[in-house]
Structure formats: C-alpha cells, structure tokens
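Read through the structure below, which is laid out as structure tokens, and then see the notes.
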Amino acid sequence: MPRCVVTRRVHFNAAHRLTNPRFSDAENERVFGVCNNPNFHGHNYNLDVSVEGEIDPASGYVMDVNRLKEVVTECLVRHLDHKNLNLDVPWFQDLNPTAEHIAVVCWRVLEPAVKPARLVRIRLWETERNYVDYHGT
Amino acid sequence: MPRCVVTRRVHFNAAHRLTNPRFSDAENERVFGVCNNPNFHGHNYNLDVSVEGEIDPASGYVMDVNRLKEVVTECLVRHLDHKNLNLDVPWFQDLNPTAEHIAVVCWRVLEPAVKPARLVRIRLWETERNYVDYHGT
Amino acid sequence: MPRCVVTRRVHFNAAHRLTNPRFSDAENERVFGVCNNPNFHGHNYNLDVSVEGEIDPASGYVMDVNRLKEVVTECLVRHLDHKNLNLDVPWFQDLNPTAEHIAVVCWRVLEPAVKPARLVRIRLWETERNYVDYHGT
Amino acid sequence: MPRCVVTRRVHFNAAHRLTNPRFSDAENERVFGVCNNPNFHGHNYNLDVSVEGEIDPASGYVMDVNRLKEVVTECLVRHLDHKNLNLDVPWFQDLNPTAEHIAVVCWRVLEPAVKPARLVRIRLWETERNYVDYHGT
Amino acid sequence: MPRCVVTRRVHFNAAHRLTNPRFSDAENERVFGVCNNPNFHGHNYNLDVSVEGEIDPASGYVMDVNRLKEVVTECLVRHLDHKNLNLDVPWFQDLNPTAEHIAVVCWRVLEPAVKPARLVRIRLWETERNYVDYHGT
Amino acid sequence: MPRCVVTRRVHFNAAHRLTNPRFSDAENERVFGVCNNPNFHGHNYNLDVSVEGEIDPASGYVMDVNRLKEVVTECLVRHLDHKNLNLDVPWFQDLNPTAEHIAVVCWRVLEPAVKPARLVRIRLWETERNYVDYHGT
C-alpha cells in the first residue's frame, strides 16, 4: 500500500520568558535579549503535526485528520493555550521554553498518542517568519 | 552540477464525498462523519508539485516553472477543476477521494509527464490547516 | 465612548452549483460556465463577520470575539459546513448560491443575532483570490 | 490631486491579561474566560496603519511607507514589542488591554505623528482570525 | 435589489525605479533612497479590483468574477506583467511609478471597462506589508 | 541532545532578466519567454534559511533566530535588496539569475557563516506560487 504523510495545523496563544536560572542577569540579557523580559511576552503559536503510515484500504486514510486534531487538542493544546509556559505548564518547570524545547516536548507527548500512525515531524511556528522542526532524534 | 527541487502551486475547486460502498451506512457515518454527506461537500484544493533534477547549465533551470504549470494544468487541473470527484472523474470511480488517494492519483498521472525531471513530492492542501504529502512509495 | 469594528473569521466547506431554472441549458452554460456543472463543485469558504459598536467601559469589548464566533457558528456554520448548498440548505431552495446571495443570506440571518452590536459587513471569500462584501443595503 | 490611502503593516509580540479590577474574581472569569489567566498569555500582533492624503506631485507619495514604518516603530512598536502590556506599558496601567483598547491607544499616539497625512484607520490583528478597526471616533 | 461589492485579485511582476527628473541626484537619493537605484528593482504586485452594483436577479451576480478577471487581465495585466514600468509602459513615461500612481493609472484604465458595474476601489500591494487604496477622487 | 532544524524567513526586492549570452535572440526568447525582457522585470523574493544542530543545553537554542537573521541580512540581503541582480550583483556577472542559481549562490555564501550550525536548506520563493529548494549537493 502507498504511504503518505498527513499534516494538521493547530494553534495556541501563550506567554513565555526565555531564561536560564544558572546564568547571571547580565548573561541572560546577553543571550536572550528582549526575550528575557521578566514580565514575559507572548506569541500566537502554530503547530503543524505530521504523521506517516500506509493508506488504510478500507477508509483511504493514513489517519483521519479530525481524529489527529482531537488527539493534538487533548494532548497538547488544552495544556498550552492561553497559558504562561513558564508558570502554568509543568513540562517547562525546569526547561527553558524556547521554540526548540517546545517542539521536543510536543513530540514526546504526542508520539505514543498517534499510534499506529508514526509521528514524523513537529513544526512549531513562533512567528510568521520563524519556525523549528523536530524529527525525533 | 548542483541539483535543486522546484515546486509549483496550482489550485482547483471540486466537490467530493467520502464513502466506502462495502461499509454499512452506520459504518460510513462513523468513519467519515460529515464528509459522508450523500449530497457532497467541497474544497478549494491547492496542489504543490515538486520536481528534482540537475540545473541545466544552458538555461539555469531544473525545469521551467511555467512549463511545469502547463504540464500540471493539462494532466491534472483540467480533469479536476470544477468537478465532482466521485461522479465526474474516472480515476475515482472505484477509489474513495480522500486527500491521500487524490495525492497518489496525481503522482501516478504526473510522474511520466515531468521527465526528464524527477517527481519527488505531491503535496495536496484540502484546507488551510491540513495537507497530505506523497513521495511515490 | 470610542466605537470600533470587530471582525471574526470562520470557515466552512460546501458544494454548490450555479444555475437558474428559468434559463435554458445553453443559457446556463453561457452564464455560469464550469460553475454550472450539474454534479456540483465546491469551495473552502472563509466568512469574515464585522460588528460595530461602542467599547463597553466595563469589559473593554465591543463584543467578545469568542461570543461572536459562537453566534456565527450556531446561526450559520452548522447549517453550511460540509453541506450541498443547493440540496441541503433551505435558504437556497429558490436562490442561486452565488457568493453574492450567500453573503446576503448570512447578513439576514446574523443581523438580529449579534445585537446590541450592529452588523456592518459580511465578507465571503470563495477562493483566495475573490470575495464579496455585503453591507446590508 | 488624487487622494490615496497608504497602509503599512508592522508587528509586535506581547503578553497580556484581560481583567477589570472592579469585577469579582467570578465576574472576571465569566467575562474574560481563559483571557483572564493571572499569569498572562500572549499574541503575535499585526498592526495595519492607514494614512490618507493627496499624492504629492513631486514625490508621487502620499507618505513614504518607509517613513511611515519608522514613525510607527518609534511611536508604538518599541513600546509594545516583547512587553507585558499590563505591567510594562504605562498606557495600560488603568486600561484593560483588549484589542479595542490597544487600537484606540495606537490611534491617539500615532495621529499627531503622521501629519500632514491624516490617520484614517488602525487595524489590530490579535490572531489570524480576528481583528479590530478604529477610525478615530 | 441588494447591492454588493465584488473583489478579484490579480498579480503581475515588474521592475521599476522611483525618480523625479526635476530633482537633483542628491534629492532623488534623499527622497527615494534605495528605490532610486538607476538599475531598477522589482516587485510581485498584487492588485485587488473591487466593483459595486446591484445583484442581477437572473444570474445572482453583480459581475461574474471570471469576466472581471478577464477585463483586468486584458486592460492591465498584459501591459504590466514582466515589464519595466519606467521603460516599457507608456502610462509611466512622464509619471513616477510609485504605488500611488500605479493605483491611479489602474483606476483610470479600468473604470470605463467594468461598466455597468461601478469601480469602487483599486488596492495595490507592493509587498506583503504595504498597499495603497485609490477610490477615484 | 536532540537535534532541530531552525528556519528564518527574510525577504528582498530585486529586478532581474533571464538570458544566456551564448543563445541567439530567438533562442533566448524561446527558452525564457517574458522573463527575457531586456528591460528587466522583478520580484519580491522570500528566502527561508534552515540550519540544523544540537540544542545547546545552556540556551535551549540550536541557533538564535535573531542571530540567524542578522547573518543572513549581512551576508545576503544587503547585497540583493533593491538591486538589479544582473547589473548590480557581482555573483551574477556570469551566471543567469534563475531561482535555482540564486538559491545555489545563497547557499555558498551562507554555509560558512552559520557555523557551527549546519546549513541544510535554502528555499527561495520567487512568487507566492513557486519556489526552489537547494540542499547543497
């Protein structure tokens, strides 16, 4: 059977601050610039989730995109949307919420939940002009 | 010579219905939900066609994107645009027109037509938030 | 108090056919071209609903956009999404579902429902390259 | 001389919280929902600034869009970008930072700064699906 | 009969240079900056043409958007696409091709051609972040 | 440590002409069509630069996207923006400025500048509907 990759976009709005507690204030300022604002700033994140698998001959689906949307909403969006990533989300209690780290966290949460489809890419858009891809390795 | 991938987007509008004639009505409803509407619904599809090859040193092209657009229009768009995929398009006479299946059909029709360039990806957008990629295997 | 216009986008997918039962087949073909396909075609419609009013000093809102989204979903989207406009939607039983007519219908249904805010514009996108505006007159 | 409207888009990222200090906690929760999160959430705001005037016959410009961009950056973006609207921006010390209020504040700051062109519209996008227009009255 | 505004987007690619032959080199440099490059630069222009009128009860159209597209292509796009506005297009022989002037020229050419519909707005996008509107006065 | 790909979009406006000096006029016309206009045409190019590497445990970054933006601006955009690629840019003195060739040039200039991150893809959008990818081989 042919194999396809199916991608679904979801979005969430969140506040965050980039900071490393082991850095001095000056070093945090130097490394993270305006993203180190102690009062936080925020983004409209878009998250593109891609899963791969054989096309099921009965349904013609690799995975129903509405089911994929539900899984991503349940596993990720309801924990992230309208939240402060640093203060409200346990995944980032000891992890700096850079786009890279958010993408890795999303992968780890989502990978078991989309089976038997295979998660192949998490793409996180932080703005319209920059995004991060994580492929699981 | 360096090798590049050239991508051209085309679009078409079509009606379709997702259904499996071997499913009961209840099973069709369960599997396909609102997409099983017997009166059809529809989409503005965007189709991104990607071909790969060496850059021709005389033209500086892998393949002229205007030529690529003409090939895709002739081979695919004129058969799909403003059509009912289930009723008007012979390719889907016995094939459920899911995004996955449409992508595979587009690949099979297009692959010989873009030579000597090599077709490397069909990306079919069914809405602004979901798309399917097929790479030919 | 200052007055603002608040706009919310919703979307729906639908099939339709443009036709006038009083036209001959030849005239329908001449006027509507490929949009006259008796087997229907379809679109991903985007609908931008704009309401105007004073900013409420207590909430800082003209109208909560989430409330606006709920009203539009309840009044319009659940009747239009994944439907055949000609066959499934009573509003178009005797009305050709052109973008112009869909916009007028959306206005008439929505205008009383958004009060006390004042509906000021319905913008219906039929494709990424064309849309219709209706202002209620 | 013909008159035109010139529009320039700028963007900024910010955190905010919607709240009314005169509301009870229950009322704030009821009116603002998830936007009332005491730890803030955030957005990528897009701000479209429109100015109107006669085309200057010497330059062919109503107002140089690069000059307009500089004015908006100086007057607005450097005060809003990567900030917490509630905590970092004096304009919102006693003003709930709804999209409506942000638009009005932007108007009041910008209107004198774009003269002799005439500010005619502030459009603030809070997400890709909702925006607010303010025309100064 | 209800009245609607119908908008169709077309696009064209062109080179141009902003310059005033009565300015000194220094003044051209000061007023137009990098846009004064004597070797030209270029843009992908998007042009949104809006016409207004009563909905024709027989067709349900104000004006068929495909007809509108054909008129705009014939009257404007074939004269502008893949051209150097300063050197190839007679309309700009004595007129600096700023976005404002291009919009006014498009209006004057198009207004008689769309009748009996009434041209109500020319919106010219020079980049994704700036556009000019002309309403005919 | 997990590895991510970080992508940053920049843009530039430029004029160009496609031509091969060893072709006859007729052959240039046949191969390049309207893109062969001796007076040039132009585009708003978008350039998506992707770099790959381990996430640095101290910063949580593969590479700071603001640093990536600065490198791309310094190495590429300031040489290309508001230029005539054929006449103003030495890289294209003997190289036809097709999208393919621009992508390869961008790769060669940028690859050493983004180290220790690894450049993995240059994606150059010539219009909203076509782009070229170069992966360095």
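By written order: A, B, C, D, E and F. Residues from 1 in each chain.
Just so we're on the same page, a residue touches a chain if its C-beta (ideal position, glycine included) is under 8 Å from a C-beta of that chain, and two chains touch if they have at least 3 such contacts.
Owing to the predicted nature of the structure, the values given are computational and were not obtained by experimental measurement.
Shared contact partners of chain A and chain D are absent; no chain touches both. Here the repeat of A-D among E-F, C-E or A-B is E-F, since over half of its contact pairs match by residue number. When each chain is reduced to the average of its Cα atoms, F sits farthest from chain C. Centroid analysis (C-alpha atoms only) places D farthest from chain B.
For the pair chain C and chain E, the fraction of shared interface numbers is less than half, so the two copies use mostly different residues to meet. Averaged Cα coordinates give chain B a centre that lies 28 Å from the centre of chain F. Spacing of chain B relative to chain D, judged by their CA centroids, is 41 angstrom.
Touching of two or more other chains is recorded for residues 128 of chain C. Checking each pair of chains for touch leaves A-B, A-D, A-F, B-C, B-F, C-D, C-E, D-E, E-F.
Per the touch definition, chain D reaches chain E in the complex via residues 2-10, 50, 55, 58-62, 64-66.
Contact residues of chain B toward chain A in the complex are 18, 20, 22-23, 31-33, 95-101, 103-104, 126, 128-135, 137. Within the complex, the chain A residues that touch chain D are 11, 13-16, 34-35, 37, 39-44, 81-84, 87-88, 127-128.
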